[in-house]
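Notes follow once the structure below has been shown.
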């Protein structure tokens, strides 16, 4: 409870845009962290936005013909290509505006996808779109598995998690590989803005979306989206699970602006033990002390890596010139 | 219909030659095709390219098996490639070489018209590089009487811009210096 | 004023696209179509047209970007070949389902493997059921004409479907030949600015690409199918207008010396005119053979086909693709389906020919016509023959 | 499936499957998914809006008195609001 008071301006929620661009009546699971992320993102983006959605939970639960939950212009094409469709939308808006065929107003193309559609099947399109410097934002809603098709393992699934395609069993502790670090891949694309966020810190997330919205060029936000169904935890713990991901150092919230790393949600002096995060989730229930120690060591190492970047890496602008 | 096969090495500009010749013929109101051999050959490898020229619409789109004319851009190819393969007996063989047509006849046993020109030297003199494709076009025009010499001016100017005049000079010299037997 | 130019056909295709003033071009290099986007990128780089040229990282993204651009109301163009078209395959049926009039040129090429960069029709045949209008050109002139017609047909309010113009790789893409170009004013008069039905813009919010439950999926597919079938009326209208303006006639199936013919060959693409030369020779030898050139592959011209074969004895269908393990080549299977149950149908023989760039000559067509003429008396042993294959 | 309106015929299927009524998913009431409902104790509520911002449905809004209340037509009963309400003003109560 103390962390809320520390990290949250208590009455700030009353100041956010009251417009709901993602309407109730959508068919997301109870306590869906991803639907919450979408809802908050739309509030931060405002109406001059076009959403390009990869196939996945959010597309399925929001667009059952003849209905739509979207109150922003929205397009879904396929699984791997929200970034490339987005680059076409951006190019189209740009050229039509230049030719005077649409109003002379800044409309942002925002592509979204789940972790499967982003870090696995969609990474080529994402990399291409970011490399080409389209004026667009890409938001990955990472719920750490293919939840739409029934909790299959993805490149974003964390080590040790049990999924329906890499399950825990008497001869296996679940996923054997570590989570793919796509935000770092995006930093390597020299994007002006990359951020890691979680709807458990809604104002932090919305501020990051607003910042990205203003950037002229490509930007990327990686949003940890708690999935009570796939993570096997009670739906009322969605927000708490996201908070524990941050406080244990599994998912520190930071941004990389002009190459400069900055922690945006203050981390505790001493990280909470990883067990606090793992034990509330059914997908990690099978883990023994050895695996938990491996995860703890890895989290410590990754956290130190990040903190040294925060401390030592200068902004790219500072590196210009002589 | 006249069918022409060009032999060169990848990078020597045989494809440019067929394009220039086709455009020159089309510029005269004729019908023409120009196309490369569609192989995966890269720079240096022996390659071929083809033309068809006619006064009426050309419909055939198959390969050329029995050309009326063969043009060889590189003397070294004569001993490497069977340049007269399928060439009509009363056809024309035009070769970039320092040799005389008579010498070449002994080498190739070809019975039709043989024309030779030292295109490499002309190209060195006029262009400063040993690229003989436009030069050989001049020799071909002289012996093949396919298009008027003036008709290649436009395509060459369009293609080569600033260095078009040098290419035209080389082409004209080959037109003058080609030896026929 | 029409201008006669000697130009490589791929370049001419790009010039034709430029005359249509596209807003967005997205393409990825693959032989043999590559000269089309290359030359278009030159045209954009020289400022001759005002367009966004997106150098995408794959064909999948090329068609995806065109899809996104078209959804904003932009005129979008792409081009590809072979494996590139397969890689677009995921997006192909979606573009038509979303009713986005993207135009694509396909430099037709064999599918791997073994890997082969040369011409056949296996690429487009693999995509025949994707809901696109599909048109075949037999020469450079037709490529230019069809590309310009393509935007008008695809964007027509009663059509709103994507369209591919097929030009045989190398046999057409890489050939320099004379082509008549209409000038910009003529094209502007013929092709109005694209007026999209609906666009992605916050001024009029809508959702595109929604989820179709089983309860509506039949209806969604029926709507798309009817749209494609009905597009033929507009295609015919546009072709009639073209003939009036430029004097060149286009028909779904174009006959050549069909009068009184007992045997008709049916070809597509760059085979067409070579086959015409064969027909000329056969007619000189008093063989009563003629030719059908199939220009419109989708929507398939069922009525035109039935009329064209009413009084003949044998129809010899050339397929430039194998339908492995199937009953016939893809074109022939379509033709047999269209003619089944018709009164007095001709005997139908099927030759798979010109695979992976294997040369197709005048003599080949003469041989085929002579063989086909026997089919009336004696049915061939095989349902289809891979013509010229070595080994018995 | 309350309020489900399938098009009767293929002719009524919108061109390209487009939907021209933004947010009409709200015609579908997800309240039926709920087996427990949030009950607000106004004496404890400090009107901070935390429940509002954390609601995945976006179905919580401020009433005339400034209290944040859940629209039970849509509330799926996930219990996030109750769990996150730090003054403890919201409790989840079994339906039925």
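Letters A, B, C and D name the chains as they come in the text, with residue numbers starting at 1 for each one.
The rule is simple: contacts are C-beta pairs under 8 Å (C-beta built on N, C-alpha and C of every residue); 3 or more make two chains touch, one makes a residue touch a chain.
From a predicted model like this one, the values you see are computed outputs, not experimental measurements.
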Legend entry - Closest chain to global C-alpha mean, per-chain Cα centroids: C
Legend entry - Result of counting contacting C-beta pairs for A-C and A-D, higher pair: A-C
Legend entry - Where subunit A and subunit D are represented by their mean Cα positions, the distance between them in whole Å: 23
Legend entry - Euclidean distance of C-alpha centroids - subunit A vs subunit C, Å: 43
Legend entry - Centre distance in Å when subunit A and subunit B are each reduced to the mean of their C-alpha atoms: 63
Legend entry - Whole-Å gap separating subunit B and subunit C, where each centre is the average of the chain's CA atoms: 35
Legend entry - Shared interface positions of subunit A, touching two or more other chains: 63-66, 68, 70-72
Legend entry - Multi-partner residues of subunit C (each touching 2 or more other chains): 98, 205-210, 212, 216, 220
Inset, instruction - Scan subunit B for residues touching two or more other chains and write them down. - result: none
Inset, instruction - All pairs of touching chains, please: list them by chain label. - result: A-C, A-D, B-C, C-D
Legend entry - Interface residues, subunit C side, partner subunit A - complex: 23-24, 26, 50-52, 54-58, 60-61, 64-74, 76, 90-91, 94, 98, 199-203, 205-213, 216, 220
Legend entry - Of subunit B, residues touching subunit C in the complex: 18-19, 22-23, 25-27, 29, 31-36, 38, 40, 58-63, 155
Inset, instruction - Please name which positions on subunit A make contact with subunit C in the complex. - result: 47-50, 52-53, 59-60, 63-66, 68, 70-78, 80-81, 83-96, 98-99, 101-103, 107, 109, 124-125, 127-129, 131-132
Legend entry - subunit D-touching residues of subunit C, taken from the complex the two chains share: 97-100, 160, 197-198, 205-210, 212, 215-216, 218-220, 222-223, 226
Inset, instruction - Going by the contact rule at the top, pick out the subunit C residues touching subunit B in the complex. - result: 4-8, 32, 117-118, 170-172, 174-178, 270-271, 273-274, 276-277, 357, 359-362
